[in-house]
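After the structure tokens below, expect a handful of questions from me.
The first chain written gets the first letter, and so on, giving A, B, C and D; residue counts start at 1 in each chain.
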């Protein structure tokens, strides 16, 4: 029998999956200069669409595809209204946050709390048998494995390929990207679509795996905001973002475990994610880190800069128009 | 590779930025492109390098007609431009910036790129650390990176738009040497846009002069400065007169200031500015001048040291307290820092009018606005939204918002982007206040401006501040060396 | 600009406005069809739900709409302030809840004649809301935490705190609401037919009028407008930006607190979880629609309140989830925003400086030092 | 053609939640079948998360407009509001499910209460859990803490201890049962603890049976997932007869409410004008505990129960039947000898206070108003 610690960590890894996928998706979107603020709503909409589709078709993969498309469309709508109609990304994103959540509730009203198809657990042969690690990492459903691959792929593409150069450049300095032959608008659409699709996958991973089923109120309400905060906490770097998502899930689990052995009022455990969110944002936004960095010796500065750099992409939320 | 433009026209709204321009540039030669602000130089260069599409006209390369409408297209035919603020990506490293845009596969060969980069840098005498994020480089270094990058792309025509503002004398001489080599040895065509007649005289083989969008003349070196000035402005400008300073009490005193930014750490900075005095702050971008100006007006909090205004310790106090103490500040950006897009002219004056009560007196605001508009010769009406004014007029509004006689006036790049006429007018306003007893401190990337108007000059280099002993007699060239890191003493010895 | 082209533009604007509403209706109809209901019947039930019956106005139902409208208007009034100052006060829901908690505290702990008791409760609520909002403001000005994130977190914290009180210290054995307040602590309806609190209605009108004047006529209003467009420039022009951020937030929180007090003292008569009832978010939508044109807020808020009020009827009569109200409102706001974009494109010019708070979540932070 | 008779049904959750609310909704449909002319109008998901802007008063008024003569408010949550509307509309009959206003005498004559004696059903559930467990660790997923939820959790514990000792031959003190209160009857994100994660935590911590005390089926779903991962775990859902469908293979069975017969009684009484105020705590129909025309509380075996276990469970149920307290009312709740299954001494509360001496029957009123969990259970007895 696996150790209790391994099982607990395994649960954390599984439960963090939607958060990892969503925050990586948002990282990609924001790195290309676009804020998809709608996460909290689009996660719900994607979860609902995924579940209803899977339920109606009896096929979880179809559900996943439908969720993916829902997330993708919401993201594209934000970018379209920004690029083609020159509207504020945050304003449109906010409206879509509310609208997508309400749509999910309304369209999903007849599908709440019924069992439907799910992604089954697929232990990975051989790897599953590694003591401890096997339980933590290799006894999950396909979406969890997908999040591992996604993390590696995002990092690799972003930092090692030509596409990654263009992606980052468009988010930092679109004019420079344009000068080097990158089609800024197309690049933004492409990566916003990818990011949105990932948010859709994240939503689907709730209703098709992690919290199987669709319910109202949606079980992941609030996680969209958490994912947005994790992107900031992670300094827009995929590895740190993913680390943030795991850390967050772990701390949340820890808090509720601790609650059970103390007199701490139960309802207040729910405050933990939000307090954590504020604290992490304070850490990266209050200038504390920068101050630390400036005062430390040069060799340490370099290290700190790499690990703690938290500047948002310069062109985030702005429009690019060729002169 | 020779380039020819024929009958180029380009208009922006009512502005005819390029009006029937025809020129030919031969290979192996360096051309200076001259003209006052707004003459159309950049427009022509941007058309050549694919950023703009000409309304009409033709571009021929080696006699062959070419068409392109993107920078990428220009590069493909062999034309590359180095913009004044190089178009690179700050957070990316030097090497990444070098690779980005090169025709490589999805997975660049980073090792090969590193070798090629080192090779080119070596050849031009540029020293660049490939793994440094570009945002930590100086303008000069970023220009070097862009040149290397463009050469690696195989450009045969290299355009440089005002590359010599904001770089040190050393960087300038390295740059000039490499440009000469590229033209002489490699046969590149080099187009060099500048306001600096000395630079053009030193570097170029031929010049072309634009005025108000039209080509007004070309000349083959050697020509005299006087001839060039006459071509540019239609008449020779009188050199600005200098006045005698009679400094009064100390207004600003900075003691042991300790500040830090991403790029520079400044320790033990001592500055003192007296009433009626103009102190210029010279230095490459990010050498610490901006830290000082911001600390002196309460926009940045020093890590150590003290800032005294009129003898009162104001360290760490908010900006408003500085305003109350008689400090006025003009920041570098206009619409970003100082003017509020979305508000009208009159609303700006209401906001800064101490005579306004809790309830706004709009009539009074309109009157003040009309008064100032007349006095400062602003092209606009009280109800014009500020963003509809031209750059020069915005600058005038900023001056009009400064009270008539502040104790201390701190200005960043007061005439950046202005033509000679407007710049002189702005300085008239500043000097008028100075004569009334205002202490003035300003930064500028324009060494001419520093030399012309400063009573004292402080040179910033990597956070170190040294005062030029005799600001009255320092030359632009000497100052260029100082901002590049040479010591005052060393320079005297040369 | 010539008269005719001005007229042309007016016509264009009107046309696009109508088109956006038509598209909203069409989309809503499609969504209703998607769940297998009849849009026409939905429309009938909603109008019935707000009291419009063939035989005349059903005052009881109509007062239901007014009772949404009053707290919604308090919230909108507050949001006009933050909106002018360029702040995304998403935390307005939490400010309502915390205000409601404060009003509840007074209602439970203080025993005074009604004429003193009720004003005291409302004041406590207002101050509580202001305090909660100021915390978000401080997080922004001092901690660099964008008010969207600060607000979302503070919303949840207020909600959790109120649930803690309800289920613990203030609860009666696990109930999901506090015990009902005494009659003396409550706002009373005008009549058994028109069930609207006169006090709340008058206060709302006064507060809205006051804020409207303050924003349009005072120097402070102009300061807010300036920093709403550019915090950095406003600061350099001598506007006390940081103080105004806190003040604007606190003032908005003050109104939100009042809205919260109306909910507990009038609508429910006790404290319950999520006492804000989504009215705060709805207020944000209203203000997004009106922009800074404050005078549009009352009618649009009333329209939204009517949709909300009608949706209860919908659920009983047609078994349709009330979230349809949110769907309609969301689509409408979205379409109007998009229509603005279309109008800008057709005029072929850049949009006027965005009336919305600044888009860049992070960049603007540098604007306030400290 | 029978004259139409409209009754209202206010649900706290969705009508298809496979739990508490669906049981009421189904009962409403049962009434429509059984009582000629009866028509249900209903309002689902009246709770602060789903319908924050809607009050019970509004809903009731809408139902009155539809012509409702009797309105069932089917949650403890509605107790106070029901009292309020009952006073306001004295001509309408209100039935608040699970409340005690008619017992305490607070209620006006038009307000009555119904509850099922789920304490007996929960004892069966506890027994089934004890029969299945291999680790001797049980998890109980509780909603919020009040008299009702405490007595239900305690009933599970009583059943589990009994069967662990009598059928498994174990020492009941070796059997542990941990109660985690999530904070509401179902998951409200950000408000309650997440039942999915709490169930995972039970299993991660070594428990192998999780008994659900909440309205929804997370415990069963997670158990199903864990079983797919190769773990030997089970779950027991609650409230609704069909609740096992979510993951039949790991379901040991479900104790459920069957409100239909009681509702038919009320509706007929009101229709015939014979209504009189009452407070009813209705027992299972022990003759056939799954007879939905008779029983108020039922039990169905799940697929995961082995034949042997099923037989033992039948035996246990038969044992319970012997102590059948019948319908408990305001008049007989304090009668001597009314025994609710295993609620007999020696029993102590969590803090050690004696509830009943050896052999002493705990009076039904003390069960109803149970102040604490029982000694031996792990978990909070009150919210503070």
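Keep in mind that, in the parts below, a contact is a pair of C-beta atoms (placed from the backbone, for glycine too) under 8 Å apart; a residue touches a chain by one contact, two chains touch by 3 or more.
All values derive from a computational prediction rather than experimental measurement.
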Check every other chain and keep only those touching both subunit A and subunit C; list them.
-> B, D
Which chain pair is joined by more contacting C-beta pairs, A-B or C-D?
-> C-D
Just how far, in Å, is the C-alpha centre of subunit D from the one of subunit B?
-> 78
Approximate Å spacing (C-alpha centroids) for the pair subunit A, subunit B = 42
So, what's the distance in Å between the C-alpha centres of subunit C and subunit B?
-> 47
Name the residues of subunit B that each touch 2 or more other chains.
-> none
Please set out, as single numbers or ranges, the residues of subunit D touching at least two other chains.
-> 45, 49, 183, 188, 190-191, 383-384
Which residues belonging to subunit A are in contact with no fewer than two other chains?
-> 105, 109-110, 216, 222, 265, 267, 270, 273, 311, 314
Which chain pairs here would you call touching?
-> A-B, A-C, A-D, B-C, C-D
Subunit C contact footprint on subunit B (complex, rising order) = 299-301, 318-320, 323, 329, 331, 335-343, 347-348, 350-352, 356-360, 385, 387, 401
Subunit D contacts subunit A in the complex at 14, 16-19, 45, 49-50, 178, 180-181, 183, 186-194, 196-198, 200-201, 203-206, 216-218, 221, 225, 228-230, 245-247, 380, 383-384
Would you mind writing out the residues of subunit C in touch with subunit B in their complex?
-> 217-223, 225-226, 228-230, 232-240, 242, 352-353, 369-370
Subunit A touches which residues of subunit C in the complex?
-> 31, 34-35, 88, 90, 139, 142-146, 148-150, 152-154, 156-157, 160-161, 163-164, 167-168, 281, 284-285, 288, 320-321, 323-327, 330-331, 333-334, 337-338, 340-342, 344-345, 350-351, 354, 356-357, 359-363, 365
The subunit C residues in contact with subunit D across the complex are 49, 60, 64, 68, 156, 159-160, 163, 167-169, 171, 173-177, 179-180, 267-270, 272-279, 308, 312-313, 315-317, 319, 321-322
